[in-house]
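These notes are about the structure you will find just below.
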């Protein structure tokens, strides 16, 4: 693991997710660029001292041939150099989103992935939820007819005040363009919303018109994004991402409307999916319940009514990626149900989304292609 | 009443709303332009034959001095001529929304209202809900701090197919630009959403960027509207109105986010209002419950837990307008809590909203002023 | 109308309910036993002075032949004498629930109804909700298979403190056994829950075991009832009624479980009905939406998504009763869909329910027959 | 681990729960009494062949001194002998609920626990949910005033048909009195409901009156339980547990009503807790959100809005028990926040609950002491 030392939120999440299905063992880490902190974190995580590093490049070289896969859980600007170091060492990579802090870095990383022949997974973790996979499967199977409208939103409220001024670690790097990239809320959560919309609808956004705002005085990145979307094939959408939405925690929500049906899913109550049907009463599909397909079943651990949540969805990404690694190692074809893990292509689309939205907003919400 | 004969939906609603609080008596009508149908409807509604008309102009002349107020519940293109006929006769007018089918007609009507000295009420009925009034009062009192973001949506699904081709009356005139005006979903329900956003936030939209669609083949007006809003003072918003949102009935929803608080209200479950608070757990305010102000109390008939709904909210508009009429008749100042009924100004803003949205969409979602 | 003067809650409800569908005109009243108060209330309600009375017996005699129907909306102990006075005068009666304050009075009233040949309606108003009628129709049609379990609850919180000590009118008579009868929460709301359970399930409670409590010190009637039910045919149930359930407004809820399906309905969100299906995902049926039968359609005024509530359900009782009266007057058979209005039989069952529960509780929750 | 081989549901849950917080390593097991099956399961779980056993007694002897703690996840009738074997070997025990299949076995086990000096944890896992702990803490702090009413229910629908006839493993042993004990739904889920009610309210049930049913023809244990409760100190309650509640998955729900406040919690949406307040609007408390106390914070891994669910709640039991074991090993006092794990006392109360309910039902719902 690279990053994920003390005070880090997402590092601990990755570790729990990796652990849940018992397919990973944490054996080495460059948990912090501060050697003392890296060492202290390693001790706490039962990493042997000689496999604890303060520099990810040294770690990559030292661990080449010993490590199956590395998790990159640093701030955004470190993703590309860290990932490339491990790819060069022939080590598969799981990387947090968004892919990188700049488009240039993203493309360099994409080239590196291609060159390495290694597997690259991007933790757009919301794609791991069973009911999200169910939704995708239903759309693909035509259960909604042709898609017309996609509404996605991701409101949070934790940056409604100038939290970065307090030095709070999560707020600080996320509002620093040098570490986070050009997108604030856009990059941190807007990319999740964008990815989810494309993942479930099976459609690609062609152009967008964005109105980005920084409501908190002095903030250097956007904290609120209003975006209109046009998909290839004629569907349209709206995307709302905000970190100043007081009263919202992590309220990612997706609705897809087709000619004959619709689906609605809310991340905070992730176990159900409402299926609106032209001329029929809506069905409430639930994880583990009747009427679900293979994609949801694959991502399910517990019977219905025993809530699975964020970590389980995140773990699905890790488990599916493990199967890919193992299949590669064993020279066999991976179970097709494990191939939904977002990768470098989705990472590049996320970067293009950020770039187009920033450019559009600078052009007074003119339409920009991705 | 003008309009509201057989097969009409909104006419019956107006009558029930007027009746609920016992301040109106239906005594005359031009319920249809077809004399036979007008007469048949009048009989059923206990209107004396000699006060049943097939022509609203004749009715206005004949009823001058006998009638306190008329309700106009026709398709949009008849609003202006009908209203003007009664205003000219010195009769107060309650008119269904949107104000008219064209901006020119709207301005002519506005001039007529001003000239007449009569009262003019516009049934943006959602402003009559107690919890909507509560929301407005809280925003005005600063309970949310300065407003940053307004999210409003109004999805319906009933026009997801080519219903107008079947001759269904409601669908036919609403999708006919000659009778409905330039806006389809935009005019029919988008104006409600727009009005609600301005009513609660107390802010005015300055400019908007709209992407209108007609998803159903052959449809002559929009059936889906994606709009970004910019309010005077810096707040921003999004408005989604659709009549092709399969699975949605009448799902008007408003969220207002301020610096220190937020409010969320859903028309389909109108008795509660969620109050998000910076640094505190959200409160669920409910009609008739603790913590409400005078505006909600004014619009409340029943104790909490005894659901009031659409008709009661609609009736509030009628009751408040009755108080205005009565105060005028008695030469006294009306109870201030009865002055929230939308009127000609709100009607004009709705027409400007439609106009700006249509122009913006024609200009590929360029920003247009209202 | 008898009762329903100032400060009365339910009288105003009856008047609005009667008015909504335009089938009643309020022309006479004994609105209070206090002449001054009766007169003042009559003036406000546009009742002619010569048809305003302070004594219901005088009113019954004076109005015989002039009045179609009377509403009795007094405290419970006045129901029987008032109803009998009007029945003796050949006037149909709509009476608030519970039927009377004692079993003896109930039986006397039942005999009076039988003797009079008049129609008698009892406002167990929750049976007027469209989705309640839908539920009843589905159970009767076998959509749930044989019924096994009925769970009904009716928690309120408004009597969590010693409100009667303040002299509040609603609390005072409801907690006075001389006016309310032996049941407190049991009679006021328990009878509604009981009635709803029998109405929807189509089953009759044979025996019950009740544990009644008076949690508020000094209270003379129960304010909390826990009851186990056994239905004829083998189904079982539980009934919870409370007026000390802090945080609850009027949270009547019914669930019926059969061999192959279940239904759940909540009065506070009355527009939907959840239909659980063995081996299939649950359907959310909604008023005005697809999949409903004739019974719900009959009780529906507005399209789906335009919430109807408490008054509309109450109005349904009034409208259906009006149809019965009119059919009787016209010598024809009433529309069968109007025959669901609870009457004297349901009133007697409610009284037997109260009696059995009080006896059971006195016998330490021994089983008692109804 | 004892039990938990193939087809077992709860064994896998225990393993995931144990793994989540990285405080357990699975090193030995008697996963099945069938040697071949035990071995196959051990291989899949990375247990060394020489630490895989087919007989828990042999395992206990062989692992004495090598194993810190064992998990017992067998059908109920094996709990006591297995646990006692390990306690005799000085190994701490985590045991699934209910404690045993008979009261005699329970008392024997309790004596064994006392004799051994070992730690004994019982996985009434719902006590591990953060919002359940929050509820308990609020009740204990007097936030609700004196408790009056406790309503708890646990409806499931999976045994609505004669599933045991199909040979389905979960259904078979649960409906076999020899393996499950005298309670069917009562033992399997009723004990959870009972435990939760006592855990949160801080009160003990003194007497109960139960009406148990076996709705499915031929079923040898109850599948539906209606129970009235009386708590020491005067509070009263109702408990509904069912496995024939079609349409319900795992719908455990608890409500506690006090003099000045109430709490409501639903297992299927476990992240929120509704706090009703006398004279104030209800608060919606949520995990990770404002207004929570230390008990919830202790049991929280993720920020608010990132749903934790069943496994996380279960893991809390495991983590807290690990802290107890470690503190014991290190000769220090355990963190007090880790002492809420249910143990032998709660197990005995659960058995007394089953016994009293069965006796009560046999006595036609007469009151029985626990």
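Which chain is which? They are A, B, C and D, in the order written, and residues in each are numbered from 1.
One rule holds in what follows: a contact is a pair of C-beta atoms (placed from the backbone, for glycine too) under 8 Å apart; a residue touches a chain by one contact, two chains touch by 3 or more.
From a predicted model like this one, the values you see are computed outputs, not experimental measurements.
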| item | value |
| --- | --- |
| Touching chain A and also chain C, the following chains | B, D |
| Which of A-D and B-D has more C-beta contact pairs | A-D |
| Cα-centroid distance, chain A relative to chain B, in whole angstrom | 42 |
| For chain B paired with chain D, centre-to-centre distance based on mean C-alpha positions, whole Å | 54 |
| Computed distance of Cα centres, chain D from chain A, in Å | 35 |
| Overlap residues in chain B, where contacts from two or more other chains coincide | 248, 274-275, 282, 286, 289 |
| Chain D-touching residues of chain C, taken from the complex the two chains share | 144, 148-149, 151, 153, 155, 157, 160-161, 209, 211, 213, 215, 224, 226, 228, 230, 236-238, 240, 242, 244-248, 257-262, 264, 274-278, 282, 364-365, 367 |
| Complex interface listing, chain A residues touching chain D | 9, 12-13, 15-16, 19-22, 46, 156, 158, 248-251, 267-271, 286, 288-289, 301-312 |
| Sites on chain D touched by chain B in the complex | 274-275, 279-286, 289-291 |
